[in-house]
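Read through the structure below, which is laid out as structure tokens, and then see the notes.
Order as written gives the chain letters A, B and C; numbering starts at 1 within each chain.
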Amino acid sequence: MRSDALAFIVRRNVITTVAAVLIVLLVVIAIVGPALVPYDPLATSATEVLMPPSARHWFGTDGLGRDIFSRVIVAARLDIAIAVSAVALSAVVGVSIGAVSGYVGGALDRVLSRVVDVMMAFPLFVAAMALVAVFGNSVKSIVLATAIINLPFYFRLIRAEIMARRSIGYVEAAVITGNSATNVIFRFLVPNSLPPVIVQVSLNLGWAILNASGLAFIGLGVAPPTPEWGIMIQEGAALMLSGEWWVVVFPGLALVLSVFCFSLLGDGIRDVIDPRRRS
Amino acid sequence: MASEPAMPQPAAPQRSTPQRSTPLLAIEQLTVGFETATGTVHALDDVSFAIGRGECVALVGESGSGKSITGLAVMRLLGRRALVQAGRIVFDGADLLTLSEKAMQATRGKRVAMIFQNAKASLNPIKTVGDILVDILRSHHHGLSRAAARARIVALLDRIGINEPAERLRAYPSELSGGMCQRIMIAAAFACEPDLIIADEPTSALDVTTQQLVMDLLMTLCRERGVAAIFITHDLALASEYCDRAVVLHAGQVLEQGPVSEVLTSPRHPYTRMLLDSLPYGKDDIGQLKAMGGGLPDLRRNDLPCCRFAERCPQVEPACRGLPLPERRFGPTHIVRCQHPLEPSLAAAPRASAARAM
Amino acid sequence: MRHKGLRILLARIATTIPILFGVVVVTFALIRSLPGDPAVYYASGPGAGPAEIEAVRRQLGLDRSLVEQFWRYLVELGSGRFGNSLQTGQPVLADFAQRLPATLELAILAFAMGVGTAIPLGILAAVKRDGWIDQLCRVLSSTAAAMPGFFFGLILIYFFYFLAGVAPEPIGRLPGWALPPPVVTGFMTIDCLLAGDVELFWAALGKMILPAASMAIFAIAPLLRMMRGGMIDALDSDYVTASRAFGLSRTRVLLGYALPNALLPVLATMGMVLSTMIGANIMIEKLFAWPGIGAYAINALIGLDYAPVQAFVLIVAVLFVLMTLAIDLISSAVDPRYGQG
């Protein structure tokens, strides 16, 4: 049954499969990459400053003589860890609150919905900035901020699903046979409402990477000399004016490629789960 | 009840027999395919039938049999994936398929009008009904002012018995009922005084009482004004009640055509027989009611049998798969395309319209 | 009909009020939870001594109850006092007033570039479905969706400034040699024209092209996808077929029937696009050293200068809520079914 479904997905969409394979590769790089890189990503070298890409330094070196290839690989771990933990946190908390709110209804639901409306009133990046300001300038803050600004999407998504399903037969049967509310919500309703959440998660991951690197680019969250794609681009920005393109281009390409794969995978999963909205 | 099947007998005796020599519309050997990602859909295969002036022809068959595609083909609105592989559509002496786009555009609405199943969805949701009708009228009467067009439409709606027409015209389609939208579409169709109206399941989306109202309106207008009609439906009772002739389509092939009094009373094609047997009208008990056997074949297949009904037919034999459909005449206009037409069996044939009155 | 429209209008505005109130509560909470002492950033400047800060603390009522503090905060906002910036030593509102035109000028051009690219391409892609334009659009929107504007901006700088040399130095609003025209509107291009300096107008416009294009890339993907999808839905709709069947010309049906309907989903995503554009604005202003409110706010945040930060968050959120309201009102004016489920 499960392998059938997998075969169906693969047959259906070659691009999605390629994206999925690339993502697996990316995750493997994030896990084992730091142990395999040829140079210490933090090691500076006064003699090898701003070397263009060569056999010795595949992606060249930056203004402090650090090996860009090593830094790009090591940065994958940080960027993906930020994105995954932020989206996971957001999805778990958002789904839980949204499910309870949608099921219980009444005053609780009204209050929570209002709160979410207010959260949505802040442009995402501005809200992230403000939250980083409150939590302090650290990686942990970026994760928290990214998670919080995404909560409303999961809340609304699951709430709508739950409200639509609350009066369906199998749910009413579960209630009548004496299941507790917690049981009904988390054992009957939530599992059946998960497909759109999965779509949202997969589309969200790429966005979270963009968001984190954007914050790092403007100087929030990650501090130099930590290798991170956004901050590497920021460090190389001025060098673009004098033509040392490799400092920016390689971390930039890593960023674009990983976001690209996540969004392709997201689109593919949506196509499989919700064929009506096929793009 | 018992009518002579061999005699061509118009359902509406007050009307003259259509002149078969110069039909208003003649579809000749029309073959249409659609290109899709999974292959070519052979939607229409060698479809031929004709309509005289003022005549009303029912196009019947299951969903997916190519009824709507035939209608859209006449309008030349099949879309960009469609490919007319063969045939002609001769309207008033000219082949519509070779007409310039400009001339075709002048034909649509003005000479051949079409109304659709879902009237509400056929009206632009963000315009008022009045604006839509004015647009239609003015696209055929250049120089007609908006106010004059509006006045004409109000008068027309009033004449066909729609209350407070001016009020209706200010409404958006979403604010009107499906039946009201369809009556307005009918008004729009007649506003340009066409010679032919193609009505594609005009009442299928409506409830039964409204259905009657809308059909009566449509057919009264057709008869009064001598407008010919192609009435596309899967409802044999409606077809026999309102139409002169019936054309039975199956999987893109015309299998039987002729006066409704013959085709829907004593069918000569096993498929027509099967359609009638699946109807509840005139059956004494449920045992007489038969479900349709099988389904339409997948029209993407390249190995479709010559008779596409062969795979469902109780009387099938090798010739059906391999030989082109023969054309057998059982009267001036009663044509059956079958290797082994049925013998007339008067007793067993219930008349759908008679049953309906019960 | 008209009075119904008015009722909808009032209802929409009414739902906005609690949200605006919530926004104010959140920014109030933001000030209380920011590290540091609010009295410091409401004081006159970095030179303020402990006595002055103590005076400000009392003046701000930071020793009172939270409710009373909130009330005072509202009064302060009502009288336009957002505190002073530590870095510029000026009232925040004055700093904003000075920088907002630069932001708006850039944002408007960027928005125009984004819409001007995405809308026609989306329409073409839908009309010529699966044609080469459609394929190109698919590649473009997928790439744009994955492309952070700050990276795109740097690529543009490399090609057009460093390699081709056609773009001006990507810093600020005017070339280094130029004296700015007298400030009338704050929009550099307009001020140049008002001063009668056409050459400077072109220079100012030239400075805007790269940052505006970098900002526009954020808007292109969602707009292009929505436009294409909306147009395809509209072209496949019954009312388009029916209108054609009634003899309306292809152009008339395309522009008068399909397009307005296809723009509705585009309008509906506009809120999301605006939100993204505001974020893009901050990053791009930072990258191009553009003297607007985005760069100002981020510099304040990095410099732990919180009065501008909270003012920025508040003002931008209020603007965003109002823009969302405007989108809502336009949608309900155009679409009679809007908001009825």
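By definition in this document, a residue touches a chain if its C-beta (ideal position, glycine included) is under 8 Å from a C-beta of that chain, and two chains touch if they have at least 3 such contacts.
Here the structure is a predicted model, which means the values were calculated and not measured.
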item	value
For chain A and chain C, chains touching each	none
Busiest interface, counted in C-beta pairs	A-C
Rounded Å distance, chain A centre to chain C centre (Cα mean)	24
Rounded Å distance between chain A and chain B, as computed from the means of their C-alpha atoms	55
Contact footprint of chain A on chain C as seen in their complex	18-20, 22-23, 25-26, 30, 33-35, 142-143, 145-148, 150-151, 154-155, 157-158, 161-163, 169-170, 225, 229, 274-276, 278-280, 282-283, 286-287, 297-298, 301-302, 306, 309-310, 312-313, 316-317, 320-321, 324
Touch list for chain C against partner chain B, complex	1, 129, 237-239, 241-250, 252, 256-257, 260-261, 264, 334-337, 340
Footprint of chain C on chain B - complex, ascending	72, 75, 77, 80, 101, 105-110, 113-116, 118, 121-127, 132, 135-136, 139-140, 170, 172, 174-175, 185, 188-189, 192
Chain A - residues contacting chain C, complex	114-115, 117-118, 121-127, 129-130, 132-134, 136, 206, 210, 213-214, 217-220, 230, 233-234, 236-237, 240-243, 245, 248-249, 252, 255-257, 259-260, 263-264, 279
